[in-house]
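Both of the next two complexes hold chain A, though its partner changes from chain B to chain C.
And then the complex of A and B:
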């Protein structure tokens, strides 16, 4: 423990001790990089129909296609190189997961902190609504929202947000409620500082640790939820397949033994979700004061 | 206590009313059902006739009040696609879903509690560690993916079990059930495992946490001091002490499993309500969607209401806190 000067350094020194978590973080970073540079690392542009040939469709891993290169993971029913499709699918899945996660974080935190800060009727109204929503399973809410909003990227994110903001609201409310009662907030409110400033400068920063933990878990959850919805055929349009859509496309061919079309995108999805969860677990342990030595 | 019950009941009614408005308006807003019901080559006359017959020419609020009026009389409208009463359609599919959900939740509870007690009783053995590792997977791996792997492994590669459908059913009280026949049972195994996995992981965690806590209490120490065998302690005392949270979660999970069955039923082409709703969303069969969503909302509101009451009975803090 040499560098303990900034909170971030302290955090990282502790994080580094858990080898599994460091490995998981490396996996997450790698997958994000692969997603970012999908068009560079992929042997083929899977969205360009001119590149696709039906002659190459549903070929097993290792097949050398009409493009002259080896399809390491085989090809899908449209003749896309599966490895390229997975990189691009990863991009869409991560994009949707992050977008839904951040919008839910913003809306949920705003609602939770408003409820805790203002109290009274508004608190009762907001939290009653949030609790009510938490009693319904997220998949059902997302399903209803997709049915109501229709299909498309924005609609899908909307459905995921509607299904998930309540978790953030509950967490932010719990943290803010506890901080609200502490003396430093009372002291800050006694100064001429405006209420808004006290919330921004004092209340909000002290509520962030639990929110970060919930955010990691919920990003993994929204990626998984998006995949589930896409698998059910209720997610994104077919032209730009996410991982869930790729799995769904391959499903009918699984019965005839062409396992790779569904299995490999699924493996990518699971590695991503499990890795995010492992990182999230470690972050939670580090933020939990009860586990501190 | 009576005041609390009335308050909660009114709240439940209010929630149901709000849900019915949201669902009705929302579902009304998507697509144009006229295009689905009426073939494009139909004459203008037939078009108008059908629109009038289905009540689609009236203003939205009027359609809603007609809907609510019919709903209260047990009439949820007719499916646009199947042209039979929605209630009949859903009722015909419900036994399949209930059969699947009940088998999954019950087996997940029995197995999960046993494994969880073991993991809590011997937390350091490698068996317990394996159980816990598997339960982590049960939480984080998406359930549709597990379903695919089950099909790939047991149906395609090994060929031991069928990949979809309900198999042979037996009529009991006029309703077809799969579980009494061997063929039906073989069809139910994979979807039930798929649906049960998440619940299993949760039950293991609950039972393990409870067991670890209870094993340290004086109850267990005194029972041991009195010379009662370990088996009796586990079965007679521990099980009773950890059962309250487990029963609560069992109730809650029954509802959420019903919702999750949507995914499992789609993968295994299980002809239940979940498959019906996915198909209905795809073809915009409005009455079926509205009826399903309202039924599920009703189910959840009822379960929450009952759980609130049970809590209030067990814990006086809840009812006094709410009354104040």
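And then the complex of A and C:
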């Protein structure tokens, strides 16, 4: 075996075989790029109120507005170009999803691995708290947290983290508990190496595969949870609409034929979440040794 | 006889870990196992500087547990282990680098995500035996000594065969420059052809580095080949101890005799089916060991005293001892049959 055969390269060779997953990954990457360069690719800055004209509000797709360009997906009740609003909304959704995902990953992993490594009372305390929290629906916890913390990006991320860290703690705990009993951990401790060194160098790296899988799924979940909160009016301020709020804004006009205000942001949200989940499923299949051929 | 490694009255008890629910169930008379297992029971043993002590016995007799207690991996429930007078463990954690271990399964004992060079280097770096800058050369030296290509330090464990991995595990243990090496069934999971290579490597290295070692195995021929002295264990106790030639040539304890007798041998001129001697009965459950001598339910020459009195290790002569009430009479009787 040559040295170029790195784990990542082997992973990619196998990933490439699933054409659907490759397509989904391309979709995710495209949407992240669109979100990153939202201000470049959008015909309008939807957050600049000076750019908006109420004369252009609720216009159907293809309408040429006062800005002199075609609104490909129509406009919303504030007169925003929907395409621009979707790009910017994607940016907020992905930002919040990734931030909440990574913060929960960090907190949850730290708790789970601490519990598995130390054992005893600390293990019981942490894991029973996690179990207790997992018995409540995530949306309920997020609602309560938003109500307690108030509105704003940081508060929203805080609420999502509070609702989701427990999933990471469970996964990290399960993986670490299994690895903890293996000989290589015992061999490292028998050298002796300090507990800190053993956790960072041996335990944590060997727990990453299941955590990556859960992280992919949970980022998609944070995005949809954030959309739900925004739809319920508990998310971000109205001046910076995320995808959930765009859907919510258009909701009253659904029955009056102005479907596009809700439907297009909804489609964007669905494509994003489905694509992330397809990628996540493939990653999970590749990390699950029982499914290996 | 100078004891380099001194094991004094070591006992290790494994209690069942009961959850809260099980504790309540046990209180209410539910069918919950609350008895504990005495894996090692009052073992006193010494290893001399530079010798290899073979530890032999059936699976579950406590030889690995004793090995782990000597290696400082598992704190004994009671008793002490010292090397050159210094305790191996303090406050339940290992307090020395002078004893290192080679584990049974080289597929489990190496971190699958770490380059093998790093695995070998991290202990010596952490304990100041080499510097981070010099680690590469240091590890390459040890790779060379155990018969591995020093260029392989960049590889991961999955790129090696079982024998090569066990060489890496040996390099990891020896790179800590120990005085004492514990080998816990180091060849049991290897192919026979590889076993011989690893055993030769072990003999070569213990001689060159003047290592004191404890070699644990259930394989009698391996023990006979590598050991200077041998300790035979049965149900958590040492039953016989002596120089390997004497114990193998003239076993004193009825268990040792039976154990050696049950090894299948090649009989070239057999005209009919050869039946090998087996030990009567099953190994008793360590949850409820027999009273008196542990071996009496299976012993061909047990008498009433064996059911009540536990025999202690009695010296036969200077270097040899046995824990049996009747070792003279029993052996004599067997020989007259």
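FYI, the second predicted complex is superposed on the first by the 288 of 293 C-alpha atoms of A that agree within 3 Å, B and C clash if a C-alpha of one lies under 4 Å from a C-alpha of the other, contacts with A are read in each partner's own complex, and residues count from 1 in each chain.
Note that in this section contacts are C-beta pairs under 8 Å (C-beta built on N, C-alpha and C of every residue); 3 or more make two chains touch, one makes a residue touch a chain.
Being a predicted model, the structure only gives us computed values, none of them experimental.
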| item | value |
| --- | --- |
| Which superposed partner A:40 touches (first chain B, second chain C, both, neither) | neither |
| Broader residue contact with chain A after superposition on the shared chain, chain B or chain C | B |
| Touching partner for A:183 - first (chain B), second (chain C), both, neither | second |
| Partner chain(s) touched by A:192 [first = chain B, second = chain C, both, neither] | second |
| Partner chain(s) touched by A:231 [first = chain B, second = chain C, both, neither] | first |
| In the complex with chain B, residue positions of chain A that touch it | 132, 135-137, 139-140, 143-144, 146-150, 220, 224, 227-228, 231-234, 247, 251, 254-255, 257, 259, 262-263, 266, 269-270, 273-274, 277 |
| Chain A-facing residues of chain B, complex | 15, 23, 26-27, 29-31, 137, 139-145, 148-149, 151-152, 155-156, 163, 252, 255-256, 259-260, 262-263, 266-267, 277-278, 281-282, 289, 293, 296, 300, 304 |
| Complex interface listing, chain C residues touching chain A | 71-73, 93-94, 97, 100-101, 103-105, 108-114, 122-123, 126-127, 154-155, 159, 169, 172, 176 |
| Complex contact set, residues of chain A against chain C | 1, 3, 182-184, 186-194, 197, 201-202, 205-206 |
